[in-house]
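Look at the two complexes coming up: chain A is in both, with chain B in one and chain C in the other.
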Partner chain A sequence: MTISEMTKLTELTLVQKEFEDGVISGGYTSDLLSDVIANAEANNILITIQAHINTVAVSKLVGIRAIVIANHREVPIDMVEAAQKEKIALFSSTLSQFSLSVLIGKHIHKQ
Partner chain B sequence: MTDKGIPIKMEESTSLILDLIYQLKIKDVMTRNLVIASPEDSLDHIKTLMKQRNVTGIPIVKKDRLLGILSIDDIFKALDSGYMQELAEKHMSKKLVMLEEDMPLAFAISYFDKFKYGRFPVVDKNNLLVGMITSRDINVGLLMAINKEVARMEELLAQTTPVDAHHIRKMFRIRKYDFEHAGNASNRIKKLLVERKLDPKDIRRVAVAMYELEINIAVHSDGGTLTVIIDQDHAEITAKDSAPGIEHPELALQEGYSTANEWIKSLGFGAGMGLANIRRVSDSFDFQSALGKGTTVRAVIHFKRKEEKSHDH
Partner chain C sequence: MMRIKADLHIHSTVSPCATLLMSPKNIVSVAKAKGLSLVALTDHNCTRNCPAFFSLCKRENLFCLGGAEVTTVEECHVLCLFDNLKIIMEFGQYVESRLPDVPNQRDLFGDQVYVNDQEEILGSVEKYLGNATSISVSELCRAVHERGGIIIPAHVDRPVFGMIAQLGFIPQEPFDALEIYRNNKSAAIGAEEKYPLISNSDSHMPDEVGCVYTAMEMPEISFINLKEALKRGAVFIERG
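Let's turn to the complex of A and B:
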């Protein structure tokens, strides 16, 4: 599944639109940035409640292409700007990390 | 009044600074756009002039000849004693210490140290007033000259260094609680390693170690430095801070042990995984810390050799 296909999911709201499109190879769900940097993989989508600028820094280091902020957490403007600069897609959702993982996982594995 | 001296000690200065203060002439740094007054002007008029032009001393000039200087101190005295309508020539100071425009800047610096004046008039060979010099003029002129000189030296250095193009040494300063910039150093080094076409796994290991060290300094120390040395076959990362140090260094290495506060934890840091993560990705790792002495962490990562890489595929 590509990021642009993901924008069509009604459960997700795209909050940062300037991204580099590509296929999402898998996902990683975590709120601990040390865990993300140690275990997430390049081209993953990150599902997290950590709505702040450093999540973007970690994503860039790992090669994560899209971030979903779960549980309707507010996304600060500096995070949006940082993601825009790195061309990382940024979504927000009212769903929990678990529900988002199930939902996105289903779409990724359909292919 | 603050000391108007300029703290350049000739015997302790570097040869670059000494060269500059002897090469630069007073006319290179002085102010030429002068605010002057005539001896027949009233103190009241001069006070207004000082306020309008934002100066604290005005040369009193007649037909290009400098007769005296009226300073803001003279105005204060006149205000106190109520003779603001009197003329400048009566109250200006006539004992003048002057500098000549072709003198080296070093002369002006020693004058500011010797005489505690805020400014000196500058005259030409014919003793005509051509400018004024303050310690600010010296600061600005010297800074600009130093800047130019450092730029020239950097250029020279850039031309001479590539003895080993694979050797890079970079130092980053990390500030306490600066999460906005945390990750910048790691991302810059990552970019460099990507350009060098290293194995992605090695790049990831360096990125993990650097990021965790950046965060550690930002979260736990009062600020510190991250030094990265990259050679053809390895990267060496050293994190150093001077305070406060770790009370139980032996516990700090245990996964899950953390002294971070709730606020830090709510940001997704301080899970007690940092040092363990660094140790896991490093080929060699040492860690020294003592309360009151700060912490030093050194991680070395060896890159896979090209031959090994080809076996992988």
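Let's turn to the complex of A and C:
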């Protein structure tokens, strides 16, 4: 599944549109960024409530192409700007991390 | 130039995880016995024991600061310290108002009681104080500095509620220092050159007060001189 295909999911709101498109190979769900650094993989989508500018830096480090901020969490403006600079797609959603993992997982594995 | 012993991270009865033995009176008595000259009361998201603490420290001629160990929205623990009691109590209201409306469960987390300088219980906090507030690290930096205080991320190297575990690395913020956890003997946190490192007891039991402290060099004890000592890096982690 590509990031542009992901923008069509009604459960996700795209809050940072200037991203480099590509195939999402899998996902990683975590709110501890040290854990994301240690265990997430390149081309993953990151599902998290950690709405902080560091999440973008960590994603860049790991090679994560898209981030979903779960559970109505407000996305700070410096995070949006950092994602724009790094060309990482940034979504928000009212769904929980669990629901998003199930939803996105189904779409990724369908293909 | 004098060299003083400072323990800037002490919990009292109102913290959900601290023992009822941690009355301000007991804390002051142990701090004096251990030769500490500068102590700070930092309960979880609450400043309600600071009036008793300030009154006792004044009586015992012990220089004190007050404030709280705030849990930010990113679930980082951050020490926020001030020297003015009026500002401390207003700051405490601001922090408590940003906690979710989740009641304390006394059987799990303790009574969260605040007391006077005679160890008489004045009341208990209804909200569970161990929760995360809705205050971000950035907002907290502004809120503390606007009020003339200092802000120090707590035990940044701890796997739980430490800033490195939560945020991967120390973000670019105007912190006055970073606190290393007391049991970490060789801290390597990747931000040593940018911020002064201190360590404190993070005590929840009386005998823990001052078990680790930060020695500071200053001409005489004052909040301004503490800020200067941090800026100059004249701070040294030691064990009691």
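Just so it is clear, the second predicted complex is superposed on the first by the 111 of 111 C-alpha atoms of A that agree within 3 Å, B and C clash if a C-alpha of one lies under 4 Å from a C-alpha of the other, contacts with A are read in each partner's own complex, and residues count from 1 in each chain.
As a convention for this text, a residue touches a chain if its C-beta (ideal position, glycine included) is under 8 Å from a C-beta of that chain, and two chains touch if they have at least 3 such contacts.
For clarity, every value in this text was computed on a predicted model and none was experimentally measured.
Look at A:42: by the touch rule set out above, it reaches chain B but stays clear of chain C.
Legend: residue contacts after superposition of the two complexes on their common chain; A:33 is shown touching both chain B and chain C. Judged by the touch definition given at the top, the superposed model places A:76 against chain C, while chain B stays out of reach.
When both complexes are overlaid on chain A, the residue A:60 reaches chain B alone and has no touch with chain C. Once the two complexes are overlaid on the shared chain, A:23 sits clear of chain B and of chain C alike. In the superposition on chain A, A:50 contacts both chain B and chain C.
Chain A uses residues 31-37, 50, 52-54, 57-58, 61, 78 to touch chain B in one structure and chain C in the other. Note for the complex: chain A touches chain C at residues 31-37, 50-54, 57-58, 61, 76, 78.
Taken in their complex, chain B has these residues touching chain A: 179-180, 182-184, 186-187, 190, 200, 204, 207-208, 211-212, 215, 267-269, 271, 273-274, 277, 280.
Those residues of chain C that touch chain A in the complex are listed here as 73-75, 136-138, 159, 164-169, 171. Across the complex, chain B is touched by residues 31-38, 42, 48, 50, 52-55, 57-58, 60-62, 78 of chain A.
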